[in-house]
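Paired with subunit B in one complex and with subunit C in the other, subunit A is shared by the two complexes that follow.
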Partner chain A sequence: MADKIKLFVNGVEVEVEAGKNLIDAVGAVGIEIPHLCYHPALGADGNCRMCLVGIEDGRPPLVPACKTPAMAGMKVLLDAAHIKKIQHDVMELELINHPTDCPVCDQAGECKLQDYYMAFDQAESRMNVPQVVKGKKMDFGAGVVHDQERCVVCGRCVRFCRQITKTGELGIINRTDDARVNIFPGRPLSNRYAGNVVDLCPVGAMTSRDFRFKQRVWFLKKAPGICHGCAKGCNITIDHNREKYKDDIIYRFRPRLNEQVNGYFICDAGRLSYKAENEGRLTEARLGNKARPIDDVLAACTREIERAEKIALVLSPNCSLEQMAAVQALAEKLGAFLSGYSDGYIKPGDGDGYLIQDDKAANRAGLGLLGIDCSREAFESAVQQAQLLINFNNDLTRSYKESDLKKLLQGTKVIAVSSHDTPGTALADLAIPVASYSEYAGSVVNCDNILQSFAKGLSKNNDLADICAIAVQLGSPLGSPKERFALLQQSISALKDLEPDKIPAQGLNLNDSEAANVTA
Partner chain B sequence: MGAQVKTIERKGSSLQERLYLPEIFKGMATTFGHLWRNLLDNRKLYVRHYPEVQPEIPVRWRGRHRLTTHEDQTVKCVACFMCQTNCPANCIMIEAGERLDGKAEKMPVKFNIDLLECIYCGYCVEACPVDAIRMDTGIFSVTDNNRESFVLGLEELLTTPGAFSEEEYKKGGA
Partner chain C sequence: MSDRSQLISTGTPFQFDKERDAEFERLIKRYPTRESMILPALWLIQEQEGWISQEAMAYAADRIGTFASKVYEAATFYTMYHLHPMGRNHICVCRTLSCWLRGKQEIVDYLKNEIGLQPGQISDDGKFSLEEVECLGHCGTAPVVQVNGEFHENMDVDKLKSLLATLK
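Up next, the complex of A and B:
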């Protein structure tokens, strides 16, 4: 734990962490200092002047909170008349050339300018000269649309491209009221994290082409989740909404702060991976290629399982630990071989050492922890010997060409327990639809051995069963979440003394826990 | 808090009342008195001769909705969803899209109002920042025989004219 110091805000004593600037230190105890240009990931820039606070008996008496470290005994003034005047005046300055087109602006509802206007300004504009005309609806590339008129020139996007992605596509050109953010001619945003500038922008200057005009943000329900796009397991907010007469669908993924995993950002591929949760889903149970009620198909599966002498099971590396445990128990009961073969999920050379990983599966580490075999030889020989292959959401077409897969599966009946209607699912003799990762709760272990739990994000009109439930219906003995967690506790020592709901929100670092267990 | 009991005096127990017929004739005298009086001269009747005589709709009457247009007949609505957000009956369903004619950035590609669910409160009109939705068509009676036809679309909302002149409407307090 960091050292604590005591200081005064508006005459009230508060205890804050030492070594932080005033915005972060005071913000952590719930006192908000307004700011536009400061962002914890990008550092203090001090250009917006919105965070000016008074320091009683201080020299200078007026400081930008983003650049001022919290010191013991400091007397910070936030609600003095002269500070309020400053905040009001800064807001008035920001709004001089702002088009105030909130009705058509996607940021409306999560806009700092709106929030601060309501909190600090609430005055009519005194301007009677025409506003400065700047570029609108500019295509910055990478799905980012820029509106120069809405911009408050805080420079967060510029600093992001310089400091985080180190690509520097954006710059601020011109001065004073003519200052604007722009790309260099012919060189659009072209980094794999560009979508973050949309989240970083405190106003509606940066909007996402993908999300543009799809929803007003106040309609969206926010559910915390874990991105399953790669092995990093970035923390995301799932913004979803059920429109009248329609199904609950996801409109966007936004990064959610987790210092231990992804920090403040996510990659663009992960950001757009919400589309796969809405589209291309397997929604009906199939017998052959005919849709049948799920109970009929499950009964047919049970018959197939009884008939088959040798059974092979294959598991997706995207499955949660709980699902893996349930399927593992099923394999043990059936005396079947369980494989986690999924080399096709790895894209060598795609990772960049920041967030994006080569491995496009969210829980490969979980396969290792549970001791599930992942080798190709073992999988192929098991499939060749088996009369029945039960595939739990593993998209084998990622690992095999379709013709090779057909050859491999010759003479083997396939039950596909699948969330998506992939070409591999189409090859199966029986198909059972299951929930995808935004629709079930579970936990995954990422590439850095951090175990993270996530809750069910949304409920579809026609809620599909989780793989755990299907495994139980097929005969897995682990009927309840408690039993599944108990099995996980056996395999993962770090979970031994934990309750399922006691897994920290930031994730449980298994490396630390392993080390702790060894020394103890 | 005990309930207050008030005993009402029961009528109809006198001999004349219990004889029944005298009371019937008294009642009938009143009824026929009105009938003859009104047959001879109906000017004093407090009844509107609807539908022969249509009611006079004041400007501030909240009738069926319409979407207003710019002078070149293009839609004024910018699909800000304020009306949908405010609608207590949740009867407005909008889908937004890109607008390319330069009048605004955004416009509705779908704008449905389900009149069966609408409670005619007028909150949508008050919420609209660009005066795009009004309830000044003077249409107070919407009838049909299937549910679907009560869902007004963009086309229908745009083509229905207002029943009042601009000056009258503005005077009405809009």
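Up next, the complex of A and C:
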């Protein structure tokens, strides 16, 4: 942990972390210094002048907090009359050419300009000259739509493209009150993280083509989650809402800070992966291709299990550790071979060394930790010998062409326990719908061996069972979360002395506990 | 200030001529980073073409190895870079203190009334363009007019008339 220092804010002593600037240091203890251009991931730029504070040690009356390191004994003034005046004046300056179209602006409700106006300004406009007219709804590419008039020219988006993605598509064109953000003609945003400029924008200048006009943000419920788009396991906020008479659906994913995993950002593919949580879902249990009550289908499954001499099980590398444990115990009980074969989830060469990984599965490391075989040979020979294959949400059409898959499954009955209605599910003789990752709690291990647990994000009108529960109904002996966790504790030494609810919010780094030991 | 973000495309790729190419390579050795060449490269383009097109900016960015957005920023920030074609003869009239006091307005008014040339505009025949500029550094011989980069000092309307007559 970093050293602590004591300083004074408005005469009150506070203890903060050393080595940070004033905004971050006192922000961490709940004192907000208003700022527009500063962002911890992009550094201090000092252009917005919103964070000006007073420091009583003989320096000039106004200093930018973003560029001032917190020092022991510092006397910081936030509520002096001259500070309040400068905050008011900066707000007035920012609002001179602002269209104030909050009622139709997507950012309303999470807009810094709006918040700061209410906090520091609240004055009528004194403008009596025409406002500067600039570009509206400009297509910047990569699903980003820009409104130059709403922009406060803080340059966060420009710095993001230059410092983080190093693609530099955006620039600040012209100067003075004509300054505006633009792309060079014919060179639009073309990086795989472009959606982050929408989150970074403190106002409504950058909007997402995908999200705009879909929901007012104050209606959205925010649930923390883990992105299952690839092996990185980026931390996300799931913004969802149940409109009257409708089902609870997800409207967007936003990045959630985790220094250990993804920092402040997520990739665009992950951002848009929320769509798969809403669409293409398997919602009904099926016998053949007819919808049946789930109890009938489960009973039919039990009969098939009793009838089959040899059974093979296959798991998705996206399943949580708890689901894997439950299915592993089921395999043991049935004397069945359990495979985690899922090479089709890997897209070689797609990773970029930053957040995006080749492996498009969230918990392949979990398969390794539990000692589950992932080889193609073992999977195929097990399927060929078995009369019954129970598939826990593994989309085999990602690993096989449909014709090859049909050939492989010839003479084998298939039970698909599936969250999505994929072509693979359609081939199954029996299908059982289950919850997807935003609808259950669990934990996953990412590509850097960091174990992260997540809570259930949202409840559907017709809430589907977790794979754990289905595994239990099919005969898995691990009936309770406690029993499943106990099995995980046997396989993962880092969990041995931990209570299930004591997994740190930033994730548990299994590399630290020297033995990320595989008990195989 | 005015909006200078609308770039004009020529539809043909830009390239330095031999002389500017050599000059570019000579200058780039002077600077610690290649990005320092943004402003000199824009000057070279303007020297060659009289103005800076979208293609020329893209060329400069690629040649320097920087983002086109950075070149775009610099070119739109400084009003001395011309972002549209100018007249065959570009007339700059100094509008700073000494020249103003010594009668720059008479010169501008003459150009306005007799040739129909407004500051920032090109004459209909494309022969002249006029720009009012900040101090040209010849205050001792004000007012000063710069035509195609050449200085003409102690100007008055009569001298301007005979000067214009020599221009093609």
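Some observations on this one:
The rule is simple: the second predicted complex is superposed on the first by the 514 of 520 C-alpha atoms of A that agree within 3 Å, B and C clash if a C-alpha of one lies under 4 Å from a C-alpha of the other, contacts with A are read in each partner's own complex, and residues count from 1 in each chain.
As a convention for this text, a residue touches a chain if its C-beta (ideal position, glycine included) is under 8 Å from a C-beta of that chain, and two chains touch if they have at least 3 such contacts.
A quick note: this is a predicted structure, and the numbers were derived from the prediction, not measured.
Partners subunit B and subunit C, once the complexes are superposed on subunit A, both fit on it without clashing.
In the superposition on chain A, A:R187 makes contact with subunit C only, while subunit B stays out of contact range.
By the touch criterion stated above, A:G171 is placed in contact with subunit C alone, subunit B being left untouched.
In the superposed model, A:W218 makes contact with subunit B only, not with subunit C.
Between subunit B and subunit C, C contacts the larger number of subunit A residues. The vertex angle at subunit A, taken between the C-alpha centres of subunit B and subunit C once both structures are aligned on chain A, is 90 degrees to the nearest 10. By the touch criterion stated above, A:V104 is placed in contact with subunit B alone, subunit C being left untouched.
Once you line the two complexes up on chain A, you'll see the smallest CA to CA distance from subunit B to subunit C is 22 Å. Residues 78-82, 85, 90, 93, 96-98, 104-106, 129-130 of subunit B are the ones touching subunit A in the complex.
Chain contact summary for the complex, subunit A toward subunit C: residues 134, 158, 161-162, 167-178, 180, 182-187. Partner subunit B is touched in their complex by these residues of subunit A: 101-104, 108, 136-137, 212-214, 216, 218-219, 243-245. The touching residues of subunit C, counted against subunit A in their complex, run 1-5, 7, 9, 54, 57-58, 61, 66-73, 76-77.
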